[in-house]
Amino acid sequence: MTNLAVDLPGLTLKNPVMPASGCFGFGREYSEFYDLNQLGAVIMKAATGDARDGNQIPRVAETASGMLNAIGLQNPGVEKIIANEVPFLSGYDVPVVANVAGSTVGEYVAVASTFNKVKSVKALELNISCPNVKDGGIQFGTNPDMAAGITEKVKEASNLPVYVKLSPNVSDIVAMAKAVEQAGADGLSMINTITGMQINLSCGKPLLANQTGGLSGQAIKPIAIRMIYEVKQQVNIPIIGMGGISTAEDVLEFLLAGASAVAVGTANFQNPYVCPEIIKDLPDILQQYGFDSVNDAIGKGHVA
Amino acid sequence: MTNLAVDLPGLTLKNPVMPASGCFGFGREYSEFYDLNQLGAVIMKAATGDARDGNQIPRVAETASGMLNAIGLQNPGVEKIIANEVPFLSGYDVPVVANVAGSTVGEYVAVASTFNKVKSVKALELNISCPNVKDGGIQFGTNPDMAAGITEKVKEASNLPVYVKLSPNVSDIVAMAKAVEQAGADGLSMINTITGMQINLSCGKPLLANQTGGLSGQAIKPIAIRMIYEVKQQVNIPIIGMGGISTAEDVLEFLLAGASAVAVGTANFQNPYVCPEIIKDLPDILQQYGFDSVNDAIGKGHVA
Amino acid sequence: MKKCVEMTVHSIQQVAFNTFEMTLKNTYIAQVAMPGQFLHLMAEGHTLRRPLSIADIDRRQETITILFKQIGQGTKQLADCREGMKLDAIGPAGYGFSYDKSMKTALLIGGGVGIPPLYFLGKELRRHGVHVKAVLGFQSEKHVFYEEKFQGMGETYVMTNDGSYGNRGFVTDGVDLSGTFVQYFSCGPIPMLQAITNKLKDHPGSISLEARLGCGVGACFACAIPANLEGGYRKICTDGPVFAAGEVVL
Amino acid sequence: MKKCVEMTVHSIQQVAFNTFEMTLKNTYIAQVAMPGQFLHLMAEGHTLRRPLSIADIDRRQETITILFKQIGQGTKQLADCREGMKLDAIGPAGYGFSYDKSMKTALLIGGGVGIPPLYFLGKELRRHGVHVKAVLGFQSEKHVFYEEKFQGMGETYVMTNDGSYGNRGFVTDGVDLSGTFVQYFSCGPIPMLQAITNKLKDHPGSISLEARLGCGVGACFACAIPANLEGGYRKICTDGPVFAAGEVVL
């Protein structure tokens, strides 16, 4: 039998496939389509200290093989997430990853430490790469020193493994990865969306109310693969890979590039069953290309 | 009548549409499909000091709504280009732009100054953003000081207007644009390709012999539009826009974002007639969205 | 369990300028759909699905009717569909119209492609014995569709912006012609809904909103709009698309 | 002027495992194409065109035959085409086989989907009175196609890797069976061409290469490979796909 299990810091995964943050809410909606117990893990929508309203609509636009979003971290705030959302996910036998965001280092630290007491949350994903908010988010994600600083502070405050989610909007992704590795990150999560824009010809102005948005979907897959490949050669912490995954073949490509697990975002919108379908197809695809387990394939795409 | 003409430093264009560097050779091949006199201008394939062999094949891969290339600046060298290629293009009533590349500042300067004597070459496009060569190219394009330095030196050596071609593989595109503007650039050309990778599942290794390649085509259009929009708000030199253009509607989107003219790359491979078709469609599209001329539309997508 | 179902194109025809009527066969949706709900339809090769309101249902034939305007690539692809082709849809999606079945008279106010869900609603209201009147707004004569169908349910006032058909004017003008009613139900572009809710602020009403959707199932927050009274927000895709007039900030 | 033409699918059928034969109607290409040239075919929704060799031409019916293996998305789309559908092609592209029409005997050596261009070549050679022999290599029995057609032109030796049909072995083994000839013509994967050109280094030969193409018209340098003797390079899409054995570095 093909072994799909992977062990990562804090995360004992029965398979390497999890929905990506922000594309799966807090799990309720897709639980109406299928049994979430099939998933490797669930990454929740970003949590901030207080509730956030997010940006004005329109918040999404379609692009060639992709989409732009500018949700703006709308969420009910960390306390309400823990009170109202985590208990639902705790009902499943699936590790929960909390995506942590904020405008200041203090907010990140506060949100992160609030999850210390929550048993079913097994790891944090530190979102220093959201392109859609004015303060915080992407600044932290494009400056290695700031990224390292915030990682250190969150590590001090949290008793959970921390996966730092890297922004692709940088000149040197390896420098970012090394900086947060040295600052104590337990893992990396890459990539977040790439900043983009669409102009609506009918009104002659940017379509999104926020003007810019984050590009996701199949269009960005080659960029994600490249960044993971480069980073894998230079860091020793595991990588959760994402960016345009919609098939089991895509998952294998990410594993070969160096990801130890993967997240699926935009593809959920096309096909609500995409995660369980990928999980079902993965054993055959691994076998077809000569691998007996997920662990076998990780990083095997690297040229000696 | 809709006025398609645009005047840029060195370039008096009857329309704003030109084939992009590297996607049109030196014009001969597509001249077998249509009369090149229809074009606004032609941007030639990169020229280096000596002939270059480029990378091993495979040099291209297909991606979702895009492609990767790692040609590696193969070209016969600047002298041979001037001797054997430019005369052919000089036979047309179309301004020629020379794309200048190199591994050292010295090589850039040498190549640039060699074009001083060539009458039909009306402007230089300074390619400091090629992701597919080991030395030079992209380093110059991701460091504002190096970019400014090379721009200054080339400006000193050349009697032609210089359009600096920016790399999108940067954290801060506006900083790059400002640096080269201050260094004397006459215009900008943006964007070059985004570094990406594809892993070939059949052999389990990167498909391109060069491992990484530059992503082009419709997939990158939202990134190009965003970068041009951001740069337009901060610099005063004109922008030649490119990245995923394949229709007259796309051209209008680039004009609204702030481009004064556009280049079409990858789309030539799908449809060899794409440039003349866009030029034919452009007047109607401009009219449909309320513009009487190309000049009218430039930068009109900006929110007050 | 929510469902993503395969639907079979049963018929397609053009009913007005760039406007198409398509019937789709699917047992499940035909059995459970309510007026105001929509299908979130996949158009092959596109990243986002297209939301289209359910305009009618034939529970015996198990067919669902949608009416749509061809705007961009996705609706063009739908317009090019032929009988027998399969379409993938999430549905029935959203939360539809609620109403008091014992109400005497209902006024339906639709603009352009906001009209389809009102037809399904009108039929259901009639089934419960509610008297139905309709005001339908179109750009011009060539855009008019379904006038006879609404006439068949009750008095119908057609308005065109340019007066090329029916009465010249907006649906707000049409409301003046239509006389008394208990509750109104409206669907159309946001500016129209703003005008209607302003004009009819003393009447109970329900409005159905359009917005660009991401997931269409409530997971991505693409469609969240501020709620009016107690603060917070509503998701158009799952809390709506139908809201009580005044419930959300337009 | 080079041309990008619209071709109409005239027929399509499966001829072996995952292998399809398609005939396309187009006057221009049917009139001018030469053996070794290819069509650079657009598969809707894809960024790059697919190069497929011309396997036969019926100048009277004005049809062109191609034979292709379904590998990825593009060839799957082609395999799903039905009679009457339109395909957009650049062609005839590339530089085909050249040969001495007075030659006595030619040996055709094809592996898998390298076989199609050799059929067109063989027919032309026969038309000029050249005696033709063929060695055809396939993975296994279920991959075999066009054996009878080649038998109709001359002695044909079918090789399969696993011996499930014809002779067990590689095309190089087949060459040993085939006896004498003046010139050879070979098309197949690069390792096969390396083996053949090594084995037959004392014979004049022509080889047709495969590579991932960009433009397909000579403009993008995606397909440039080093030339052997006087240095420089050759573009597979326009200088080739056919080269003299030894002309390029394999």
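In order of appearance the chains are A, B, C and D, and numbering begins at 1 in each one.
Definition applied: a residue touches a chain if its C-beta (ideal position, glycine included) is under 8 Å from a C-beta of that chain, and two chains touch if they have at least 3 such contacts.
This one's a predicted model, so the numbers in the text were calculated from it and none came from an experiment.
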Partner chains that subunit A and subunit C have in common: none
Shortest walk length in steps over touching chains, subunit A through to subunit D: 2
Most remote chain, CA-based centroid, reference being subunit B: C
Whole-Å gap separating subunit C and subunit D, where each centre is the average of the chain's CA atoms: 56
Whole-Å separation of chain centres (CA-atom averages), subunit B against subunit D: 36
Whole-Å gap separating subunit B and subunit C, where each centre is the average of the chain's CA atoms: 46
Distance from subunit B to subunit A - Cα centre to Cα centre, in angstrom: 34
Sequence positions of subunit A contacting 2 or more other chains: 63, 65-66, 217-218
Residues of subunit C touching at least two other chains: none
Arrangement of touching chains [line / ring / star / complete / other]: line
Chain pairs that touch, as defined at the top of this document: A-B, A-C, B-D
Partner subunit B, residues of subunit A touching it in the complex: 63-66, 68, 142-143, 169-172, 194-199, 201-202, 204-206, 211-212, 215, 217-223, 225-226, 229, 244, 249, 252-253, 256-257, 289-290, 300-301, 303
Touch list for subunit B against partner subunit D, complex: 22-25, 28-30, 32-34, 45, 53-54, 57-63, 65-67, 69, 71, 74, 217-218, 266, 268-273
Subunit B-facing residues of subunit D, complex: 1-4, 42, 46-49, 74, 90, 211-226, 233, 238
